[in-house]
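Going in written order, the chains are labelled A, B, C and D, and every chain counts its residues from 1.
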Amino acid sequence: MNTVLPRRLTIALLLLLAGLALFPAWGPLAFAAKYTFLLQKLTGIMILAILALSLDLLVGVAGLVSLGHAAFFGLGGYMLALLSPQYEAASLWVALPATMGAVALAALVVGFLAIRTAGIYFIMVTLAFGQMGYYFFNDSKLAGGSDGAYIYVKPTVEAFGTTLVNLESKQAFFFVVLGCLVAVYLLLRVVLASPFGRVLAAIGVNEGRVRGLGFDPAVYKLVAFALAGALAGLAGFLAATQYGFVSPAMLGWHQSGHVLVMVILGGMGTLFGPILGAFILELAHFGLEAVTEHWLLPMGMLVIAIVLALPKGVAGLLLQWCGKKGDGE
Amino acid sequence: MDFWFFLIQVLNGVQYGLLLFLVASGLTLIFGIMGIINLAHGAFYMLGAYLAYWLARTTGSLSAAVLLSLPIAAAIGYAIEALLVRTLYRRDHLDQVLLTYGLILIFNEATRMTWGADVHGVPVPEALNWSIKLTDTLSYPAYRLMLSGVCAVLAVGMYLVISRTRFGMWVRAGASNRDMVAALGINVKLLFGVVFAIGAALAGLAGAISTPITSVAPGMGDSVLILCFVVVVIGGVGSIKGAFLGAMLIGLADTFGKVFVPDFASFTVYGVMAAVLLWKPRGLFA
Amino acid sequence: MSVSPFLFETKGLTKAFGGLIAVNSVSIGFREREAHAIIGPNGAGKSTFVNLLTGHLPASGGHVMFRGADITRQPAHKVARLGIGRSYQKTNVFPSFTCFENCRLAAQSLLSTSMRFLRPAASYREVSARASEALERAGLAARAGRIAGSMSYGEQRQLEIAMVLATAPQVLVLDEPLAGMGKEESEGMVGLLRDLADTYTLILIEHDMDAVFAIAKVLSVMVNGTLLESGPLEQIRASKAVQDAYLGDGAEAY
Amino acid sequence: MENMKGISRRTVLRAGAVVAAGAGGFVPTRFAIGNTAKVKVGFLLPYSGTYAGLGEAVTNGFKLALEERGGKLGGRDIQFIAVDDESNPAKGPENTNKLVTGENVDFVVGPVHSGVAMGMVKVVRETGTITVIANAGAGAATGPLCAPNIFRTSFTNWQTAYPMAKVAAERGMKNVVTMSWKYAAGEEAVAGFEQGFTKAGGKIAKQILVPFPQEEFQANLTEIAALKPDGVFVFFAGSGALKFVKDYAAAGLKSIPLMGPGFLTDGVLKEQGAAAEGVLTTLHYADALDTSENKAFRGAYRKAFSKEADVYAVQGYDAGQLLFQGMGTVKGDSAAKADLIAAMETAVIKSPRGTFTLSKAHNPVQDIYLRQVKGGQEVVLGVAEKALADPAIGCKMG
């Protein structure tokens, strides 16, 4: 995949981003009473978009189809729950690095074992590890078992005794998550253009050849797995912060499958595609649910229609349009 | 450990394994020959169960219901292959995953719209509604024994078909090298359609004959699907022999896990799978 | 023990797949800057031999020595790092990358490690320079910006060579570089390989005898997994055994 | 091939239209203030998946209660807003938020699933929205997490299990095996039984917990047979209950009394058939309760929905009654929260299950019935425990 996007597409994506960032300005006018809810809904979707982005590094770039990625998402959430003192706030400066570090470490261990396998076997091994994580939190008394656990007070973001951002404010949290989404996207763009990213992308295309050129694919895949895990942990951390609640279902394979669908739907390996995928899937869900209680039926049809009509996901379609009309290459 | 206790637990494990095998064999067949990861396989299991429940109530006979639900499941399988799956052979595996994921949603919801969300059960046929007494408290239900018998017969039958017939040769060829099937000058379209239909029928059959010992409810296929994937992967994708061994392993691991390490019961199955794959990353027979 | 006269050599190298012995105790020595071709009929075990040589397959027995060190058990990526570059029989480039990106990736082996995350790969000047140089040498400089998958077959074969060159190897192991090429394309490639033979140690697997005789100075002949004979071009041409077993079989081979 | 493309494109278009229609659903809503506006009641219930039937029953029961009372709450018209909670705990907070923040509902009624309840409680504790739990029995919701605005018209898992211990002891059982899925509801119920049973001098031979929601019980049934206990106490519901009872009978264990909270047979009794014969259960309701309230309720329910009412419908019905009484006292002024809560706390609900009041933790203080399956019918043997209140350990209210 080319590392530079066509100009038209860049402009279109920036316009979308601006629209999103300005939502707190136009949202109240357009949606009145529903604004606050929609603000939270959008925040939630952006968190899932971060998760989808992190999975795209594995699925779309390195060709590692993980069906256990939600385990790291959930672990991130649980880390915050475990690190938060019961009635006090955890400091973000401590809790976030600790969470991402711990999740990266867990991903490193799982990755070390899983990367020995390939193809459908990799899918299944990651699924198995994901389910193990799910059952760990479901069965152990460590953090509330199947009831889940609460985070009573949101983490504080302070520097020299002054609060920089109050995460209790829904609007502030919206911008924090938006910032994280943009930051993760840019980080992954930078990483993809780096020597590491080039090798990783090459592994996704033709692993044997990469080995022949003198790179050990296993090491690169492992690092990517840990990085994707840490970013999924960040998403989990944000998700846990948003509602102050974590439950084992965060780690389950349904969640993993859901995110995988976002990635494929949006367009694998394009980074911006999975973000669009997250928005499309969640908004479709939201819209369909409002129309019929049998929303799963049209949802299934929508998924199938997109597979049949858009083989490279929504991003593939956009790239094709912009590639044809735009100043491309 | 008491001898009878142990024996019955082995029987329990084997019986569970045989049932898993019936579902998993279709899954591994479809993957082996067609290269399709069919997430909707569990939906066919559910469909078989619902059809059996519905037909058993209309016809009053479970065996008639099972026999009738077989061709229906096969026909639906064939139709889905011809209408949807066929367009995706040249595509990435993941597109197929997505398509069949969409199918799960549709199947689950359509089932609920047709038969409602209630939980249903099918009574054990009178002729088999008895138990074999082994000790004063331990006994074994006859229906489960019959179920194991049917599964075992099917397993042997499948083994013979695959090792002795032309169709079996294609299956073996497909499992080891998919391009070869096309090279053999076979009507690939027809073969794929038939394989998909057979896979659907096997899953449907498993669902149908297990109705008396399970509960018929929406989404019942999902948990079976995951277990069957575990079975297929342990055995080696595309290998019927592997699926059989994998199913036995999972059946026994699950049974004895619950008895000996109840606190880790949910881990045992996935633990066994992780261990097998770390030892043999491509499964036992691949 | 005396110092081996060879840069790269195999000693009794053997590979068995189950009961089938694909490579049977083959010992060949390759001198520095020597163009050495390995020929033999289909199924002689040449490709397997190459895979053993470059660590792509684990050997069942025997040794591979490079600069006096035993590298038999080294994995492919380590072998490549030692300076043994190889090309593949089937076109094996990254089709979604541009021609230049393919080479730049190969040239990243210049860096002590590619575990660098934040600086763009394009900004490593020495890497880009070497990639350009390799493209130049392979005659693809004009094609640098093309998406590899959209280039002609012959160009992709050239790119294959350029990528190997970009890894700055000492030894080039080329597995049928002319396979599937048209006459004109072949001529260009032969010219390129002759040129390379001046600077590199060349190990060439090839069916096209015209090309082999035009490039190689030394020939080894493999039949049924064993080494039939190895020696200078003229010796092999004259060899009765080789003619009987291989060259003599059909005029089409010559 | 061409044709195929046409179809898929049309499907896309149609799906797109549905999405657009959905989006149209949240055009700006007029925001009227004062008592003339409609009261918004939000249902947070499963309308898809395994528990969809339960969600439907709660909804039906609730609507029936209000229709019988003139279809108004405190004189105001009612607008119902239903959100499918998908029985997904991970989405509990978000789905609650959809009602509370998105729709600004005055009341939340739900959910079925305990995990969803935990997520819901988290949100409504912050917003202060008056919430009636119409099923989920998680002890914590009216225990450590109790709050003035959280009510329950159903039960706690403890309540449905504890009285059975006395019954078991009275029947001379000394040695009992307990079994459940390994999840909160089951563990709480089993703990309730064990607490009562050991207090009465009995012994728990073994506690078996199986992974939720797995339904392969053979290994454990064989284990139970080998242990030869005097009785077996289990917590299962829905499809698990159906399957367990059938497997239990098929394994030849019918000679050992099977006991459990009423969910073991409720709703699946007909499907269980002869296998359920003799099963003893305790619950705060029984379909066969011979009271005029129950008969009237069941008749009305059957007439309205051409379906038999069940315990979930009763819980929904009583949630409706509770809100009706509360809103009646404050004359529809839902903004007067303190008065409203006080009115609800002191409400006396004439339920089909029998009259009940609420404890300080806002959980029903109710009779628990002992029931047994006889001749394929659930027969009420009597009251196992009169006016039983959940101990509400950890609740600092009142």
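Just so we're on the same page, contacts are C-beta pairs under 8 Å (C-beta built on N, C-alpha and C of every residue); 3 or more make two chains touch, one makes a residue touch a chain.
Here the structure is a predicted model, which is why all the values come from computation and not from measurement.
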**OP:** Give the label of the chain whose average Cα location is farthest from that of chain B.
**Re:** C
Original post:
Cα centroid separation between chain A and chain C, in whole Å?
Top reply: 43
Original post:
From the C-alpha centre of chain B to that of chain D, how far is it in Å?
Top reply: 34
Subject >> Interchain centroid distance [CA atoms averaged], chain B/chain C, Å >> reply: 48
Subject >> For chain B, residues that touch 2 or more chains besides their own >> reply: 87, 108-109, 112, 266
Subject >> Residue list for chain D, restricted to those that touch at least two other chains >> reply: 4, 48, 182, 211
Subject >> Full enumeration of touching chain pairs >> reply: A-B, A-C, A-D, B-D
Original post:
Within the complex, which stretch of chain A touches chain C?
Top reply: 1, 190-191, 193-199, 201-202, 205-206, 208-217, 219-220, 223, 329
Original post:
Along chain A, where are the residues that touch chain D in the complex?
Top reply: 30-34, 36-38, 40-41, 44, 135, 138-139, 144-148, 150, 242-245, 247-250, 252, 254-255, 283-284, 286-291, 293-296, 298, 301-302, 304-306, 308-309
**OP:** Would you mind writing out the residues of chain A in touch with chain B in their complex?
**Re:** 59, 65, 113, 116-118, 120-121, 123-125, 127-129, 131-132, 135, 138-139, 253, 257, 260-261, 264-265, 268, 294, 296-297, 299-304, 306-308, 311
Original post:
In their complex, what parts of chain C are in touch with chain A?
Top reply: 54, 56, 75-78, 80-81, 86, 88, 92-97, 101, 104-106, 108-109, 111, 114-122, 124, 127, 145, 163, 167
**OP:** Could you pull out which chain D residues touch chain B in their complex?
**Re:** 4, 48-53, 56, 182, 208-211, 213-216, 218-220, 222-223, 225-226, 228, 238-240, 242-243, 246-247, 250-253, 255, 267-268, 271-274
